[in-house]
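Same chain, two partners: subunit A is paired with subunit B first, then with subunit C.
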Partner chain A sequence: MSNPIVSIQGLSYQYALTEVPALRDVSLDIAEGEYVAVMGPCGAGKTTLCLSLNGIVPHMMAGGVEGKVIIAGQDTAQTTVRELARTVGMVFDNPEFQLSQVTAREEIALGLENTGVPRDEMIRRIDEVLGLVGLRGFADRSPLAMSGGQQQRLAIAAALAMYPRVLVLDEPTSNLDPIGKEEVFSVCAQLNRERGMTIVIVEHEVEVMATYASRVVVLSEGRVALNGAPRDVLRQVQALEAVGARAPQVTELAYRLEQRGRPVAEYPVTLEQALAVFPAEGVR
Partner chain B sequence: MASARGAIERTLAEIGHVLEQSLFAETLSRQPGLLQALDPRVKIVGLLALLVSVSVSRNLWVIGGLYGVALALAVVSRLPVGAFVRRVWLVLPFFTGMVALPALFMTPGPTLWSLPFDWVITRTGALTALFLLTRVGTSVSFALLLIWTTPWNTLLKALSVLRVPDGFILILAMTYRYIALLLGIVDDMFLSRKSRVVGKLSTADERRLLAASAGALLGRSLQLSTEVYLAMQSRGYRGRPRTLDTFAMTARDWAWSFGLVALAAVAMVVGQVGG
Partner chain C sequence: MAQHLPIPVVFVPRNSFFHRLHPVPKLIWAVGAIVMAFATRNPLVLLVLFVLGILFIAGAGVMRAYGRVMLVLFPISLSLIVFQALAPAFPQPWTPIAGFGPFTIYQEGIYSGLSLLLRTFAGSNFAVLLVLTTHPADLFTALQKFGVPHELNFMVSASLQLIPIVQREFQIVLSAQRSRGMRATGFGAAIPSMVPVFAGTIERVQQLAMSLESRAFGSKGAKTSLREVRASAKDVIFGLIGIVVTVAVTVLVLQYQAQLDWSKTPFMPDWVSVALVAVAALTFIAFTIALWWRASRE
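Right after this comes the complex of A and B.
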């Protein structure tokens, strides 16, 4: 891949006072405009991978690091978290922990003020990103008075206002109800599709990721176990099971059918693919 | 002694009260009123000057007069005066009163009242206690005026502009944000516990429950503080509070600034005359 926006080169990381490394020799290139879903069981190293993209690992965590992470040409070991905040927007799992201001407007302004954006430009960007995440009209509302989905979209807006080239989301929907989840997924898809923003998302909703992601990376015990297009990765039902991840339900169905003597020529990974594949295979 | 309500109920009620008060203060600070409209730097400098003049005053009439000024400022700032007075004077006896109490008996001077068991309240002791109570009450009133008329972020930014160290402001900012989160967790923890407790707990059981909860909270608080701080750092936080508001002194701000400082100076001079 020529000129990837994210280049992870042989990254290993072990937190202080732990017995095993969180990441082991991870190498991964991500091109600009990709939508990468990172999956894997608990303790696979997904969060550590995310934190290494904006420099929190190693700058703000005690531990030992080997290898390199280059983001848009910047070595994260040589660049501060504050400087990387202009390039990498980070959204964490719990929106409550990310929102620290009294109104949505001030929440978005926080990062902009810290990076010295002029006031008029700030006001313009605040309106723009609130519109992008579907929160126009919420500028003066307290984040505490918003639903979980709205809070998480506000956290995304706050990250977007910095005009990052890469948006990293670490299990952004784990605390949300189904409606809130859908709100977050559609905003990410729209940003990727319409703005070409690079998205790296840690997510367990495999069916949703099969639809939206352009690439799936499966981590296991700190290593990259599987890496490729959703159609190539998610059809490996046994390999996924072996590392503690799971395939989409339609893929699982095809696999089970095959085990019972009903071979399916091509495993579907999305509902739409299943609707095309199963009738053709005589599955009713 | 165990009260009619158990520790869980009392804790839940107190959490609700604290959150309500926090919301109440933010709401007041954003409503129209005289102090709300002033530049926060003027309020900090002016009210601080008045606070110093209260502290150094040796004249009860001057302290009383300054308390009158605090009440007048509360009225023109459309603050609920009843709540403003209660907030100060209902809490004061529990803290300052306990400190002032020994002075009543231990300060040497002419006898004011004789009590059983040869206990004597001296006139000097009573005056000392009265000075302490009125000074603290008036000072807290000025501090409350500042907090109730200035949004928290604006207050922090004003402190930053006035060269208060960044570390101190960061601690204030994190504490404020963190307390709301922590209270939410405590609320969940106690509600969950209450929903699993059928009978009435003995005082000893309640003590054990509170001790266990305090331990669990300490662990959670460490985790929480890390997560909140990481999220702020990820957005380029540099330890300085920022708001979209720009501070600009108007003629009215200058006038109030000089007025409050002049009043404090006069009170300081007059207050040196005992009374």
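Right after this comes the complex of A and C.
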């Protein structure tokens, strides 16, 4: 990769007072404009990987670190989280825990005030990002009076307003209902498509990621187990099962059919691909 | 789960003169009132200050909210009257004016009770006015210009947000305890809920700290503010009046200290004093019984 925006080089990390490292010798390059889905079972190191992208690991966590993370040419070990915040936007799993202001408008303004964005520009950006995440008209609403999906979109808007080059989302939909999940996914897809924003998202909804992501990284026990295009990674049903992750249902169906002596020409990973493959095999 | 949580900002949005006023002149009046209230014990001076505060509050249209806030002080003020009348915070000898069996009411006690009471209200009226008519963020944005750190603004607004959240979490934990057959009323029930609620709050605050760092909170360099607080001529004038009044009243009151000391002057007829203490005592007893009755019914 010629000039990756995220370059993780042999990163190992162990939290203080734990027995096993959270990450072991992880190396990963991400080019600008990629949509990377990070998957893996609990304790695989997904959150630690996310937190290392804006320096929360190691700056705000106690633990031992080896290796390097370079974000847009800056070594995270040499840069503060506050500085990295201008390049990397971060969204966490619990939307309510991230919001602290009385209105949505002030919530979005917080990061802009901290980086000294002039007031006129601030007002323009608040309008813009509220429109982007579909919360126009909610500017004066209290974040506490919003649904989970709306709160998470507000958290995304607050990160977006700072115009980050990389948006990192750590299980942004784990506390949301199906409608809330879809809201978050479509905002991310739109940002990636229309603005070329680099997205790194930890997500368990493998069916959704098969459609949206341009790359899937599967972690297992702190190591990168699988890494590649969704089509290449998600069809490895056995390998995914071995590390405790799950293949899309259509892929698993193809795999089970093959095991019962009904081989499928090519494993589908999305519903569209399945619709093309299965009728040819006489499955209705 | 409730979607609309009450935000405990005592600020009452209105469009009065006091709401439009810059926070700093209001702060000057609030501090000035406290200085004046503590400069004298004379009930008449304190009464004038108190009435002025009430007029301002009525003018701002926040009388109802003021009443709610001050209700907290109600039982304390009743007990002040009663206990001061019976045992004045004054050097002996005391001048008795009436007696019921073992209890004697003293002139010094009436004086001391009334001035303590009026001092409390006269001093706090303007501070309450400031809080009721100023958005907290405006207050701190204004103070920022005087070198008060930006983080303080955040601390206030964030803790205001945290209160209803912790309240709700407390309710959730209590309901969970109740549904598992634990005692769920009274103070005893609250204790086993403390640990889960506070553990949850600590986790929440940790996560919030990460989220804030990720949005460049506390970064060096110039900061800007979404809120704009501009001072106009009327703000300056109102602030100056506050300073002049405070200085003038304080100087005068200290100069005529001897004449204004009414501790030995029977400034009210005896029967008024006796009636005042009796009404305060009866109301205080009724209030206590009502509280106790409500608590025992729960």
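The rule is short, and it goes like this: the second predicted complex is superposed on the first by the 284 of 284 C-alpha atoms of A that agree within 3 Å, B and C clash if a C-alpha of one lies under 4 Å from a C-alpha of the other, contacts with A are read in each partner's own complex, and residues count from 1 in each chain.
Methods note: a contact is a pair of C-beta atoms (placed from the backbone, for glycine too) under 8 Å apart; a residue touches a chain by one contact, two chains touch by 3 or more.
Note that the coordinates shown come from a computational prediction; the quantities given were computed from them, not determined experimentally.
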Exercise. Sharing subunit A, do subunit B and subunit C clash or fit in the superposition?
Worked result: clash
Exercise. Which partner does A:272 contact after superposing on A: first (subunit B), second (subunit C), both, neither?
Worked result: neither
For this session: Mind working out whether A:75 is in touch with subunit B, subunit C, both or neither, as first, second, both or neither?
Result: neither
Exercise. Regarding the shared-chain residue A:100, is it in contact with subunit B (first), subunit C (second), both, or neither?
Worked result: both
Exercise. When the two structures are overlaid on chain A, which partner does A:117 contact: first (subunit B), second (subunit C), both, or neither?
Worked result: second
Exercise. Can A:232 be said to touch subunit B (first), subunit C (second), both, or neither?
Worked result: neither
Problem set entry | Partner chain in contact with A:147 - subunit B first, subunit C second, else both or neither | second
Exercise. Does subunit A have more residues touched by subunit B or by subunit C?
Worked result: C
Exercise. Which of the two partners, first being subunit B and second being subunit C, lies in contact with A:159: first, second, both, or neither?
Worked result: both
Exercise. Can you pull the subunit A residues that subunit B and subunit C both touch?
Worked result: 51, 54, 56, 60, 81-82, 85-86, 89-90, 92, 94, 96-98, 100-102, 105-106, 109-111, 113-115, 119, 122-123, 144, 158-159, 162
Problem set entry | In the complex with subunit A, residue positions of subunit C that touch it | 3-5, 7, 9, 137, 150, 154, 157-158, 160-161, 164-165, 203-204, 207-226, 228
Exercise. For subunit A, which residues are in contact with subunit B within the complex?
Worked result: 51, 54, 56, 60, 81-82, 85-86, 89-90, 92, 94, 96-98, 100-102, 105-106, 109-111, 113-115, 119, 122-123, 144, 158-159, 162
Seminar exercise, completed: subunit A residues touching subunit C in their complex are 51, 54, 56, 60, 80-83, 85-86, 88-90, 92, 94, 96-102, 105-106, 109-119, 122-123, 126, 142, 144-145, 147, 155, 158-159, 162
Problem set entry | Partner subunit A, residues of subunit B touching it in the complex | 26, 151-153, 173, 177, 180-181, 184, 224, 227-228, 230-238, 240, 242-244, 246
